[in-house]
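Structure below; questions to follow.
In order of appearance the chains are A, B, C, D and E, and numbering begins at 1 in each one.
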C-alpha cells in the first residue's frame, strides 16, 4: 500500500484528531452574482470519514469544489473565509497544487477521460506521482479487480458504474491524504454501493486515509462515517457523530425517506407532491 | 392496447461492441398495462437493451417486436387513452412490427417514447418547446405553410399546445414553461424529460434511471409522477432503476440482467428471493 | 519514369512539410479541443520571423532559428492565454470562428509590416539537383524530407511516450477532471500551442526556403484541413499518412492530369474518404452513448 | 456651370479615381504601377498642373478583389471623379457596363482585347498593345526563332486576365498557318511548385512556355524549371516581362524572353527622362524603376493629355467630353516609351497601340532583341 | 433569452403566439418602419448602394443562420451556394430569356437542390468533419464555376441585363432607390418567413437536431429529413441572395464567391447572434458597413498614424478578424443579445433588475 504513507497505520480515529481540512466560514459566489455558500464551516479530522448530506442544490458539490480549487473553472469564487489543509492556508492555491499536497477529489458524475483507455485514465491520475505510478496502479487494480480486466478498454464506452469505479481508482492514484468523493453511489447498483462504501471503510481502516464524502444515499453513508454534516441552502444545519445523526428524527424524516428498512411506507402510498416546505 | 396483452417481445437479442458483449441472447416480454422494471449491476446491459428497444442501437442478432393497435398509431388520440380497458381485443386491428430494423424515429412513430440515463434535453429550447417536440410525430411538417404561419400552421400549433399544457399541468411544470431547460435544476429537468416523452402520448414508455441522483424527497415525487402517468394515461412502462425500494414498490414485474444475460424474471418479490440475483446484484445486505 | 521520380520526391517533400504543419494542428486539437484555422498563419509567422532575424537582422542561422522559436512560443502562448482560454466550453463553430478571426489578424499584421511582395532569402538548404533513377530532383527537396521526418519523429515520440503526452490527452478529454488529478491545464495548453507554433515554424521556414517568403504560404496552410480530416483529426500516424497522401496525389494529378484540378484534388480525396469513413481513415468514432 | 470641379472655368483640382492593387494577387506589379501614376501626378502638379489645375488622384488599394473594386468605384462616383484609372482585367470588365452608364473614361492595367470593342465598352481605353497582340507577337517570334516548327505551352493566371489572350493565340496560329503545336494550362494559384505543370509541358513536347501571369509566380516557375533541368525558353507577356521576374528568378531567369509594349528604363528613351528627373529629385535609385512604374506613369500621362485637350477646347470636364478629346486629339507622344512611341485613339478604336518590344534577360538585365514589333 | 417583461398575461394561446405583444414592441416596429421607408429619400446613391448590399447580405445571412445557428450544421460553403444562385438566375434570364422573377425562383430551387446534395454527406458527419466537407464543396463549386466555360461563355465573367419585373425596367437615375425598395420587401419577407419557421414544428425539429440529435430521433424526428430540409431551406434563402446579387451588380465572376465570402457570412451570424433571425440582419448590416467605417476612421486618423492609411486593406482585414474575436469573447451571442439587454434595461427602468 502506497497511498498516504505518512498516515498512522491501522489507527482508528483518535478522539480529538487534529483537523486535516478545515473550512472556515466561506462564502462562494458563481458568475459574480449567485451566492451559493453563505458562511459555511466544516472540519475534517485526520483519519476520519466525514459524510456531508443535504438536498439537491444545497451546495455540497460547491463545497468540495471550493476545497479542491475547481471553482475558478466554473466562474466561481471564494469571496470570504478561508480553507486550510494540513495547517496550510490553501484558499488561493490552484487545483493541481492542492493535488500535489494530497487533496484529491472524485467529481460528481464520473468525469472519466472518455477517449483514454482505463489504464491511461489511471496513469493520468498518477500524474503528480509519476515515479511511483506503477506501484499505485497495482494497488488500485487489487482494490478494483474489474478495472484490471478492463484495462485496455476505452473509458467512454464503459457503463456508468464501471466509470464510477474508474473515477475512484483514478483519484487514489495521486496517493491522497484526503479523498473527497462527490456522490460516489450515483447510479450504482446496490451491491456496488455496498462494495464501494466497504472499500472506503477499508481504505480508512487500513491506511488511515481521511475521507470526505457527499451522499444522497444517507443511510449507507452514515453507516460508514464517523461524523456527519447536514447542509441546506449553503449553510450547515446540523452536525453530529454519524450514529447520532442516523437516529435524529428530522434526519430520518427528511433524509432517510420512505421505503426500505423497518416497514416504512411504500412509494405507492405517497400521494402528494411537495409534502412540505424546505426543512428550515 | 388493452392491459394484460403481450406488448413487447425481446427474443434472442445479442448486442456486441467489438469484443464486448453487452447483451447475450436476452429473452423477455413486456405486457401492456404494467410497469416492468429492469435491474442489474452496472454494465449489465440495461441501457443497451433499452437502446435496442428504441432503435438507437442495432443488435447483432435477435429481435424486438412491438404489438400495437393499428388505429392508435400516428394520430392524436388524446381522447381515448391508449389502453382503454373496455375495448374488445378481437375488434381491434392488432399488428406486430420488428423494431430492430427500424430507425429510432420510426420506432417513436409506433408509440414508443423514452427518457435517458443522463438527461438529453434540447438545452437551448424552452420547456414548452421541448414538450412540443414530443408532439412532433403527431404534427404535419410542411415547410411552406410553416413559413406562412397564418392558417394551418398556426391552427396546428395551437391544437398541440393544448395537449402539451395538459402534460404541463400533470407534471406541475407551469412555472417553468418559458424557461430554457438548460438553466433548470436537475430534478426539474428529469421531470421535463418525462413530460417530453409523455407529450408523445406513447403506448410504451421507456425510462432509464429516472430517479438517479435524486434525494429522498424528489424520488418520492418522481415515483408519484410515474405512477400517475401509468394510471391516468394508461401507459405501459419499462423502467431501469437501481433503488430496490422503488422497484419493489412500484413495479409489477422485474427482469434482472447480469453480464448481458437474463438471470432472473418475475414479480418483485420473486426476484428479491432469487439467489442468483442476490449474489450478482443485491448483495447479502439487501436480502435480509 | 524520370518524371515519375521527380514528382514522387517533390510530392513526398510537400507531403512531409504538410504533415508537420498538420501535426501542430493535431497537437492543439488533441490537447485543447481547439480547431485552429490559423495554422497556415502560424507557418507565415514562422517564416517571416525567421526571415527578419536571418535576413533583416543578419543573425547567424542558429541564432535566427532560436529567435524564430522564441517568437513562435510567445505567439502560441499569448494566443492561448488571451484568445482561446476565454473560449473554453464554447461550441465548435465559435471556436472555429475565433481562430478564423485570429488568422485574419495574424496575416494582417504580417501584411502591415512586410507588405505582400515576396521576399527572397539566401538559401539555407543546399541547392542544385541530383539525378535519381533518371529523374532530376532538387536537392533541397530531399533535405526537406529529412528535416520533416526527424521533427515528426521527435514530436510523435513526445506525444505517445512521455507522460506529458498522456496529460495532454487527458486535458483534451475533460479539463476539470484533469485538474482534479493534478494536471495543470494551463501549462498543458500553453505547451501544446507552443509546440504547434514551433512545428509550424519549422514547416514554414522549410517551405519558404524552397519557394520564397510570401503571403502565399497561408494557402499552403489551408491544405492542413484535408490532411487532418483524412488522418482522423487526432491521430498522429494518421496525420503523417494524410500529409504524404495529399502531397503525392496533388503532385501526380498536376503532373499527369490537370494542374488546375490539383488545387481541388485534396478536397475530392477528402470527400471520398469521408463518404467511406466519416471519421477519417485513422480516426476513432466519437463516443456517443445514451 | 458654377464652381464645380467639372466646369471648364473652375480652378478646383480634377478628381481622378485610382483603383490599385497593392496587396492582392497582382500586388507585385500593381504597386509600382500605382506608384508610377501617383509620381506622374505629383510631377504634373508640381509643374503647375493642367492649365493651372491640379489633379487629385484618389488612390485606394482593392487587393485584387472585384467586389472591393466595385465599392471603390461607387465611392469615386460619389466623389465626382471625372475619370477612373483601374487595374485588373476582372474588375475592369466587371465595371465596364457601369462605366458606360455613368459615362466615365476608364483606363486600366488590363490590356484585354475584350475591352477594345467600342460598342460594348465605349468608355474603356487601352493605352498599349493588347495581351492578344502581345501573344501574337510572341508566337511570330517563336515561329521565326525555331525555324518554323515548335511546341508552345501557354501558362496563364487562372482568371479573366490570364485566359484573355489564350484563345486569340490559338486562332492566330490557325490564321497564319504557323507550324506551332499549342497547348494551354491555368497556373494554379497559391501553389508551392510547378513541377506538375512543367512535366505536362515536357510531355506535350513544348520548347517554349508563354506566360500570361504576374512576375512572382513566373519567377517561381523559372526556378523550378531550372531545378528540374528543363530546357524550355520562357516568353513572358506584359505583366511578368519585367525586372521583378529577372531578380526573382535570379540566374534561373537567364536567356528567357519578354514581350513588353512598355520600354524599360534601361532602354533610355526620351520619354524616360522626365521619370529619371523625378527619381533624381525624390532620391529614388534609377535602378529601382520598374517597367510597371513607367507604364503607370504613362497611363496617367495619356489620361492627363486627354483632360488637357478638353480644357484647352474650353469644354466642361465631363466624361463624354474627355472621351471625345481622346478619340479626336490625334497621337499622344510618349517619348518612345509605349509601342512605336505614340498612342492614338479614334471613335471606332480604343486600341491605343499595337506594337511591342522584345527583350531577353542577360546578366539580370533586360536586353533588347527587337523593337516595335507589330503582329 | 431575454427576461420576460412583467405584467404580460395571455388569455389565449393565439395571443401568446403573436410576434409583438407589448406596446413598446409595437412602437419600436412602427418607428423602424418609418425610418426604413424614408431612408431612400435621404441617402445618396453611395450609401444606398451600401444599404442594398447589406439587404442582400441579410437575406443570405438569414439563410446561413438557419443552417448553422439553428440546425447546428457548420457550413463553410456559403460562397459556393451564392454562386449557384447567382449564375442560375443570370443564365436563366439572359440565355433562356425567362422573366427575372421566374429565374430567381428557379435559382432558389436549384440552390436548394444543390444544398440537399451537399447535405447528403452531412448526414453522417459531425462538427469539424462537416465543416471541412462543406469547405470541400466550396472549393469544388468554385472550381466548376471557374472552369465550366458554358457559364461565362469563355469570357470568365457574365453580364446580366438590367432588371425588368413585369415589364417594368429599372431606370438608371433611380437605380439604387428602386433596388432598395425591392430588396427591402424581400428582406422583410425573408425575415418573417424564417421567424415563422422557428415558431413551428419544422423549425423546432431543426433546433432539436442541433441540441441533441439522438434525443431528437428518439422523439420521432427523422434526422435525415430534418437535416436535408434544413440544408434545402437555408440554401433557398442563400440562392435568393445570390440571384439578387446577380441582378443587382449586373456582372458575375467567380471572384465574388471565394472562401472569404463564406467566412464573411459566418462572421455576420456570429457578430449578429447565432440562432436568431434578427441577429442575422444586424450582423449583415454591421459587417457590410465595417470596412466603410474603417475607411472613415482611417481618413480621420490616417494623418497621425500613416500606417493605417497606407495599409488599409491589411487594417480592414485585421479589424475584421479582431471584431470576430472580440464578439466571441465578450458577447458570444452577438448584437442581438446586446440589443435585448438594452431593451430589458429600458423595460425595467428605473429598476435595475
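Just so we're on the same page, a residue touches a chain if its C-beta (ideal position, glycine included) is under 8 Å from a C-beta of that chain, and two chains touch if they have at least 3 such contacts.
All of these numbers come straight from a predicted model, not from anything done at the bench.
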Query raised in the report: Count of steps on the shortest touching-chain route from chain A to chain D?
Result: 2
Query raised in the report: Any idea whether D-E or B-E has more C-beta pairs in contact?
Result: B-E
Query raised in the report: Where the centre means the average of the CA atoms, what chain is farthest from chain B?
Result: D
Query raised in the report: Taking each chain's centre as the mean of its CA atoms, which one is farthest from the centre of chain E?
Result: A
Query raised in the report: What whole-number Å value describes the gap between the mean CA coordinates of chain B and chain E?
Result: 41
Query - Inter-centroid spacing, chain B versus chain A (mean Cα positions, whole Å) - result: 32
**Report entry** Separation of chain A from chain C, taking each centre as the mean of its C-alpha atoms, in whole Å
**Finding:** 43
Report summary line: Whole-Å distance, C-alpha centre of chain B to that of chain D, is 75
Query raised in the report: Do you know which chain D residues sit against two or more other chains?
Result: 22-24, 158, 186
**Report entry** Shared interface positions of chain E, touching two or more other chains
**Finding:** 147, 214-215, 311, 313-314
Query raised in the report: What are the residue numbers in chain C that touch two or more other chains?
Result: 111, 260, 263, 289-290
Query raised in the report: In their complex, what parts of chain E are in touch with chain D?
Result: 44-46, 49, 146-147, 154-157, 159, 172, 249-251, 253, 255-256, 260, 291, 311-314
Query raised in the report: chain E touches which residues of chain C in the complex?
Result: 35, 83, 86-87, 90-94, 96-98, 100-109, 111-112, 225-226, 229, 233, 260-261, 263-264, 267-268, 270-271, 274-275, 278-280, 286, 288, 290
Report summary line: So, in the complex, the side of chain B touching chain E is made of residues 54-56, 103-105, 107-109, 113-114, 116, 120-126, 129, 132-137, 139-143, 146-149, 153-154, 156-158, 161-162, 178-180, 196, 200
Query raised in the report: Residues of chain B touching chain A in their complex?
Result: 17, 20, 39-44, 47, 117, 172, 185-187, 209, 212-221, 223-225, 227, 242-246, 248-250, 280-283, 285-286
Query - Interfacial residue positions of chain D with respect to chain C in the complex - result: 22-24, 27-28, 31, 158, 185-197, 199-200, 202-203, 216, 220, 227-229, 247-248, 250
